[in-house]
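Some structures to go through are shown next.
Paired with chain B in one complex and with chain C in the other, chain A is shared by the two complexes that follow.
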Partner chain A sequence: MPLLKLRESQIMKIHYLTGICAVFFVAIHILFRIGMGMSFNESLEFHNVVANYHNIYYVILLELILVFISIHGFNGLRIILLELKQNQWWESTITILVLAAMIGVIAYGTRTIIIGSQL
Partner chain B sequence: MGIKPNSENNSSTGGDIRIKSGREGLMGWLNPTRYGWERVSYWLQRLTGVGLLIYFIGHIYETSSLVNGINAWNSMLELTQTTGGHIFLLLVIGASTFHTVNGLRLIFTESGIGIGRPGRPDYPYDATSLNYKQKSGIWVALLLATIAMLYGGMVMFGDVN
Partner chain C sequence: MWIRMSEETKKIKLKVYRTNYNKEESPHYDEFDVSVKRWTTVLDALLDAKSYSDSSLGIRYSCRMASCGSCGMKINGRPRLACYTKISELNDQTIVCDPLPNFPRIRDLVTDFTEFFAHHKKIEPYIQNERVPIDVVKNDDLVEFKQTPEDVDKYLQFSYCIKCGLCYSACPTVATDTKFPGPQALSQAYRYTADNRDTGEPSRFNIIDERHGIWRCHFAGSCSSVCPKGVDPALGIQLLKGHLIGITKNDKKIATLRSKEE
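Moving on to the complex of A and B:
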């Protein structure tokens, strides 16, 4: 079953793009932990983390990281599993399971971001 | 001389690997011994990728304790902000740096950059695509991963902010 009727070449372009974008977004995410004039441990204190979640740009960044890494990571897992075995049933099953897991992780992470920004 | 049948080729190269239906499965995927650094890089890219995906899911679960208030958050920190937790984080830093740099090498390779010009296959049949640029890329990925781990160690265990 084709993944959302996309060709594998198109899926690989999405894979590479999400990977490159994720590197930049994660670098900014790490800067919030070690580059804000406080130590790594201080930046993880509850009130500092909640303050991060009240910054709308940081919230958008977190959501982008969540979506991009989920797409990149779960598609990477799909590629690995399809390298191990190839037949119609396996490919369809893996594609559906990976999509379901990806949607589940994005939904759970989004829930944390939404509730966290309202604390 | 000549090409051996597929079954003989498999048995002469497989070592301890049990081959069924012409497939080596997971053990064939993990076996780096018949190939060079490119094969090591191939499975390191996959192992670090799977490891980082597991960490990512764990990190989302860890962070979700925020919504249960300060006590739940501090309890989670007590589990993760330990020496063992920091060593685990160092491995994550190394894995993510290697995966990133080696991934960029693979994107360039797939775009045809750095694989050289096609040439006549002469003995000992070294592939022109597996050239010094590719090998250097793998070494650079390993070197940068080590540097990133050292810096991460200084941040978590030392005084670097």
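Moving on to the complex of A and C:
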């Protein structure tokens, strides 16, 4: 069964868009690490990292990065694994496993963000 | 002076991959010493070895002028047409001939093109036009499509494909994914998509837009670098991807039909 009945071109469109968005938002994330009046190392100290979670805009940014990277990364993994074997069982299993892993990572990451931000 | 130089001969060593899968013969290389001139091609050298050293040498060839695409093989590590490759341009005393990679092997340098042609056939490589009135088709009337030179330029280079299979053998995706149509079939899909006599785009897109279809091309570009006819399959594939994803529009104006008398 095709992934969520999407055509491969639609999946690849999502793949490319999430890739571009991930680069954009990760760049903003890194700029925040080096442009907040403190050194890069200082910005990674525990209390500074936790402080980020109390800024709602930063929480949204982190959630977006999590979603974009998970979709892009797990679809990339699916593409690599699809080329290993060519049979229906393998393709369906890989698609289901990768989709489940992607949902799992997003769910666990979202849980961490929610706990960290004390929403 | 030129005549004297052109008649200069030298000896080279021809190493040819030998095997026969029907006789469970283990693969090995046979070596032949062949006299060559400045213009001797690899195919000439192989036929020389076949005529004077070992008549059992298996080679497929036909036109000897890079038109039929029969004599594709790996020569000194690169897929080439044997009839189109001069020994002198290889700059080597030893010429190694192997069968084309990514093709099932039959015997010696002869490979099986069944799967390759099946991929080609699957993408419906012919003009489909539902606008042609059925009575014109039935009566086999003499009609033709109006096409400008600009319309032809859009697909011309892709129509030079001779189906020699060199691009297919050079493709890293074909090496791992047997369901991938390969650069030849995909560039032909583009060739007919860009042709303004054709309206078969939706059905052709359905065929190539699947799990093992066009999206498995990683744009290595080896297909374009080995093509002996100057076709750029990698370009065709990227243009087709653009159409599929909606970045570029295939805004061709379908050609109109006219009778021969017009």
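Here, the second predicted complex is superposed on the first by the 118 of 119 C-alpha atoms of A that agree within 3 Å, B and C clash if a C-alpha of one lies under 4 Å from a C-alpha of the other, contacts with A are read in each partner's own complex, and residues count from 1 in each chain.
Rule of thumb we're sticking to: a residue touches a chain if its C-beta (ideal position, glycine included) is under 8 Å from a C-beta of that chain, and two chains touch if they have at least 3 such contacts.
Please read all numbers here as calculations on a predicted model, not as lab measurements.
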Room on chain A for both chain B and chain C (clash or fit): clash
Partner chain in contact with A:G37 - chain B first, chain C second, else both or neither: first
Touching partner for A:Y108 - first (chain B), second (chain C), both, neither: first
Which of chain B and chain C A:S9 touches, first, second, both or neither: second
Partner chain(s) touched by A:G116 [first = chain B, second = chain C, both, neither]: first
Partner chain(s) touched by A:E83 [first = chain B, second = chain C, both, neither]: both
First, second, both or neither for A:L66, with chain B first and chain C second: first
Chain B versus chain C as contact partner of A:F24, first or second or both or neither: neither
Comparing the two partners chain B and chain C, which touches a greater set of residues in chain A: B
Partner chain in contact with A:E91 - chain B first, chain C second, else both or neither: second
Touching both chain B and chain C, residues of chain A: 12, 16, 83-84
Residues of chain A touching chain B in the complex: 12, 16, 19-20, 23, 26, 34-35, 37-41, 44, 46, 49-50, 53, 66, 69-70, 73-74, 76-77, 80, 83-85, 105, 108-109, 111-112, 115-116, 119
In the complex with chain C, residue positions of chain A that touch it: 2, 7-9, 12-13, 16, 79, 82-84, 86, 91
Chain A-touching residues of chain B, taken from the complex the two chains share: 23, 25-26, 29, 46, 49-50, 52-53, 56-57, 60-61, 63-64, 66-67, 70, 73-74, 77, 81, 96, 100, 103-104, 107, 110, 155-156, 161
Sites on chain C touched by chain A in the complex: 173, 176-179, 209-216, 244-246
